[in-house]
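Report on one structure; see the data block that follows.
Which chain is which? They are A, B, C and D, in the order written, and residues in each are numbered from 1.
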Amino acid sequence: MSMERTVTQAERVSGGLWEGIKAVLARIGFSPLGVVAFIIIALLPLVPPFNQEHIMRWLVMGAFLGAQAVAFDFTAGYINVVNFGFAAILGVGAYTSAVLSNTLPILIVQPGLPPWLTIWIGALAAGLIGFLLGMLTLRLRGIFAAVMAWFVGIALMGLATNMPKLTRGSLGFAPPPLLNTTNNLPYYYVALGMLLLTYICLRLVTNSHMGLAFRAIGQNIDAARASGINPTRYRVINFTLSCVFAGLLGGFYAHYIGSLTPRTVMHTSKTVEVLALAYIGGRGSMWGGAAVAFPFVFFIEYLRSNLSQLPGLHMVIYGVLLIIVMIFYPGGAAQLYSTIARRIQRRAKGG
Amino acid sequence: MEATRVQPSFLERVMLNMRARPAAWIVIAMTLGFLVIIGIFAGPSQLINTIVTGGMWALMAVGLALVFGVMNIPHFAHGDSFMIGAYVAYFVFTPIQAYLRDNPNPFLSAVGPLIGWIAAALVGFVAGAVMEKLVFYPLRMRTRRGWVMNTFLLTVGISFVLVYGANLILGPNFRGVPNYWNVPPIVIGSVRLTMERIAAFVVAIVAIVAFWIFLSNTRTGRAIRAVAQDEMGAEMVGINLNFIYTLTFALATAMAALAGASLLFMFPAYPTVGLKPLYFAWYVVMLVGLGNVQGAIVGGFIVAVLQTLTQQFFGVSYEDVVPVVVMILVLLLVPNGIFGSEVKGIQEQ
Amino acid sequence: MVILETQELVKNFGGLTAVNHVSLKVYEGEIFGLIGPNGAGKTTFINCITGTYPPTSGRVFFAGEETTGLPADVMCRKGMSRTFQISQPFPRLTALENVMVGVIFGSDYHWGKPPEKVALELLEFVEFPVDPHTPAEQLNTVQLKRLDLARALACRPKLLLLDELAAGLTTGELGDLMEIIRRIRDSGVTIFMVEHIMRVIMGLCDRLAVIHYGTKIAEGPTLEVSQDPKVLEAYLGVEHEL
Amino acid sequence: MAALLEVEHINAGYGFLQVLWDVSLKVEKGEFVCLLGANGAGKTTTLRTIAGFLKPTAGDIRFEGQSIAKTPAYQISQMGISFVSESLNLFTNMSVRENLLLGAYRVLDKKKQLQALDFVYSLFPRLKERERQLAGTMSGGERKMLAIARGMMSMPKLLLVDEPSLGLAPQVVVTVFEALQTLRKEGVTILLVEQNVPSTLRITDRGYVMEQGKIVLEGPSKELMNNEHVRVAYMGI
């Protein structure tokens, strides 16, 4: 779906129109093959059997999970800090948006703002939490930062549960829908748009000089400091950006799924799901998680509908795959892809 | 066991540690003070509750600290060892109970729970050894770069497999044993002490003390501490690192399983039962300093006191919120934890 | 012109005093050598002046202003860059990207050329022997040392600190390296080097300081210091006694 | 009768960097042998390879006639080779006595352990005085002694000592060297790596000189002391 390395100036200038298009695409993180893959995914719901409502629902979930994996990998794969409170921050976005757009009299506030506006406010709120979390975990290295984020995540979930007047706590409440329809197709394009937006925005950042700084502090913080990078600043920027998109996705989820409880969005196991996807997809690639998300959701939903006597089997599979990837193939699917691509290229050149 | 004492006694060590760390003094003094306050304002039964809980958190945290100190693994699946212990105790004890219903036997009904606990510890031990050999050993053979983070993610994976595996095989139902013994609670003044509560506390204390003696006075225990301090030095004197790693992980798992088994009357067995103990064990080790085993023992009680205070003043539902605030303050004031953390290789990332 | 001055610099680790009241001056344009037996506190000294960690007491002046305790990234942008005793690359970045990090973030100065180009030139300057697109994790120690040097140079230093850059090199490579260091000095960069290999020190340094047990025992022109009886004793001390 | 330790044509290194090139050396039972050379010549690498912390990429190492080139470090230690590394690798949060007892980790007999303890205490009375002190709080010289004593606790057949004079004050170096001489008189076989050439040659029987990963000279210490190359390159004469 994308090119791994940053495009050099020389490449951008040289070559004809085709090269120029390729360079522009690479800047936003796409290879020509990636574009093709994306178009295929976008057209899927128009062809049977994908045009059935329940399968379109899987597609929406695929895009939603994929976008989450992208935003998660932006932190984990670049500055090498696992944001273990990711789901909770996504939940902050979801709840902010849901409460602000609420019109139901079951809660004390009924601002009733349009969801299209509130999901952005939710994103900002999540970004603010991300900013604070970034500040908080600044001086902490690796595992300390991850555990701190985890605790903050649990605390946020605790808060959401403990403010029943705003959130109805674990009883859950139903935010108004984003679109005036119960069809999944429009939602799918919104979700896909969000995936694209998340991916392109974050990709633009990582392809810029800032991305180099992220990778530098993620790989060797002492050397990064000695090279003039202020780790504090970049870490906070990274956390904030990643959380803004998490919040945005949370808002979308709230208004799509139409029912919200702290456990179903903010629980640690939700973070782990995204984490597993991002790592299986290939850490530091960003597109890996998104690409893997679709087949995974299909696989899982297939299992769920056909093997309903085995609840949670898909989670076990997630776990096993995560373990296998971590031990034997840390590059994940993205590395597999680039190895194969390189081999094909070499063979094409040789033959 | 050694005939001669070869190291400063526990008390001496603690004192030494204290002198170097005034923060620890203050915290311990405050904890004792809070205990008195709890005793006065919330009543003696709350006080006893706190102490019992403290013993359990200490037992959980010791394993966590040990695994981190010796192997540098931030163990996220430690709570699932607790869950394993709870299930094993349930499945061993229930048949005994059923048998007793038909054939009353005072001796068996007295030791029945004991069998359950020992079985839980044994299964935990084996499960830990298997986990180490199956997961961490291959990773260690492949690479040790980024070890702390990679093993953390591995334990996340293990946790997923165990939790949902349990869910798959045993289902989401609660399986509890309301009481181990059919004896009336002991009443001292206004305090009612159930046998289970006393037993859980005794188990925790016995396990911790036994473990402490093992660590400080036996050849193998000394080898474990040696590996925690200097791996190459340990290899130089002929210690087989792989054996020590497996043993350490197995021991830590066994302790968590034991905790799960002895608390079965409070926490019935279900797939995600380990989450809370895990959370509190991590709370303890982050507070006292990662990898600090002595600190973890004291820390268990500190956290129990904090927990009771939270319940008293904010309500049970804030149990998850307050720790974060406490932890932020601690990490801001004493970044290495109140008892300090001297773990090899933690600087790695 | 003094470019770097330390006054009574002290660094304690727990009970251990690694650097003990060291005062010294480095003049602009010279190659200054800091020598001393292993474990004498040389690297700690460098870490204190580059801001890796703050000194326990004492003051540091760099290019006319006090810089005591400023963090490493600020010191780097002020014009003090360093290499590490054990090279510290960004393992999954290519050699070129490693140097680009220094070019982009190391100084506020705009090179006027795209960073890739500057980085390539710097790699060429240090005679980097392999393809610049090789990931750093695939380089050997000698190549990493060159890469580290290029990265440090990319920060546009006024003062360059080299921590045992020559360790582990063969005789031929030593000659090349000395040539490169001379060229760096000629381009107007002051050099502060910690070194073990006497050949490099005698061949390059204008002035020397010797520290032993964290304490400075000599400072002055190279020839003078190398014949100082105190220095000889620190290095070959046992000789008179067994 | 084969020598106690035979290193035959080994190559070794770290990752892509080869440090040792075709290194061969021999230590007979009861001998005190030294390995000299400048910083970075490969002396430490040679010791680490013998002790099993690095595996040779070519060649063989035999101890008492048995190949140990592929044996893990802890087993080599159990076979009777003690390695006292440059960085000492002491257990800093344990008492002196505990460190020493760990040195006798492979000795299961309690009585023998205590005998060994008495022996090293007689060698280093200072350690007996500090028995209960934590290793990390001792001075540099004391730590070095502790490391050597710990190496002796298993009553090894061969003691490998890496740069004992490193970072020590001259006075302390004398003490450490005297201790090594005492060990030698007790009949311990020692392979010593040193940069401090004159003093080392004075106390050893035989020596090897390494330069850039190769052995360039070998012979009895007395001859090496008079060798022109050694005098010029290492003794500043």
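One rule holds for everything that comes next: a contact is a pair of C-beta atoms (placed from the backbone, for glycine too) under 8 Å apart; a residue touches a chain by one contact, two chains touch by 3 or more.
Keep in mind that this is a model prediction, so the values were computed, not measured.
Taking the definition of touch as given, a chain qualifies here only if it contacts chain B and chain C alike; those chains are A, D. Looking at chain A and chain C, no chain is in contact with each of them.
More inter-chain C-beta contacts link the pair B-D than the other of C-D and B-D.
Chain centres defined as mean CA positions place B nearest to the mean of all protein CA atoms.
One inter-chain figure worth recording: chain C and chain D are separated by 32 Å, centre to centre, where each centre is the mean of the chain's CA atoms. Chain centres here are Cα averages; for chain B and chain D they lie 42 Å apart. Between chain A and chain D the centroid-to-centroid distance comes to 55 Å (mean Cα coordinates, whole Å).
Between chain A and chain B the centroid-to-centroid distance comes to 35 Å (mean Cα coordinates, whole Å). Along chain C, residues 91 each make contact with two or more other chains.
Listed for chain A are no residues, as none touches two or more other chains. Taken as a graph of touching chains, this assembly is arranged as a ring, one closed cycle with exactly two partners per chain. Pairs of chains that satisfy the touch definition comprise A-B, A-C, B-D, C-D. Those residues of chain C that touch chain D in the complex are listed here as 15, 37-40, 138-142, 167-171, 196-197, 213, 233, 236-239, 241-242. Only residues 14-17, 38-40, 137, 140, 165-167, 169-171, 173-174, 177, 196, 198-199, 202-203, 212, 236 of chain D touch chain C when the two sit together in their complex.
Of all residues in chain A, those touching chain B in their complex are 80, 82, 136, 139-144, 146-148, 150-152, 154-155, 157-159, 161-162, 268-269, 272, 275-276, 279, 310-313, 315-316, 318-320, 322-323, 326-328, 330.
Listing the residues of chain B that touch chain A in their complex gives 74, 135, 138-139, 142, 148-150, 152-154, 156-161, 163-165, 167-168, 172, 275, 279, 282-283, 286, 290, 317-321, 323-325, 327-328, 331, 335, 346-349. Contacts from chain C toward chain A in the complex involve residues 50, 52, 71-74, 76-77, 81-82, 84, 88-94, 97, 100-102, 104-107, 114-117, 151-152, 154-155.
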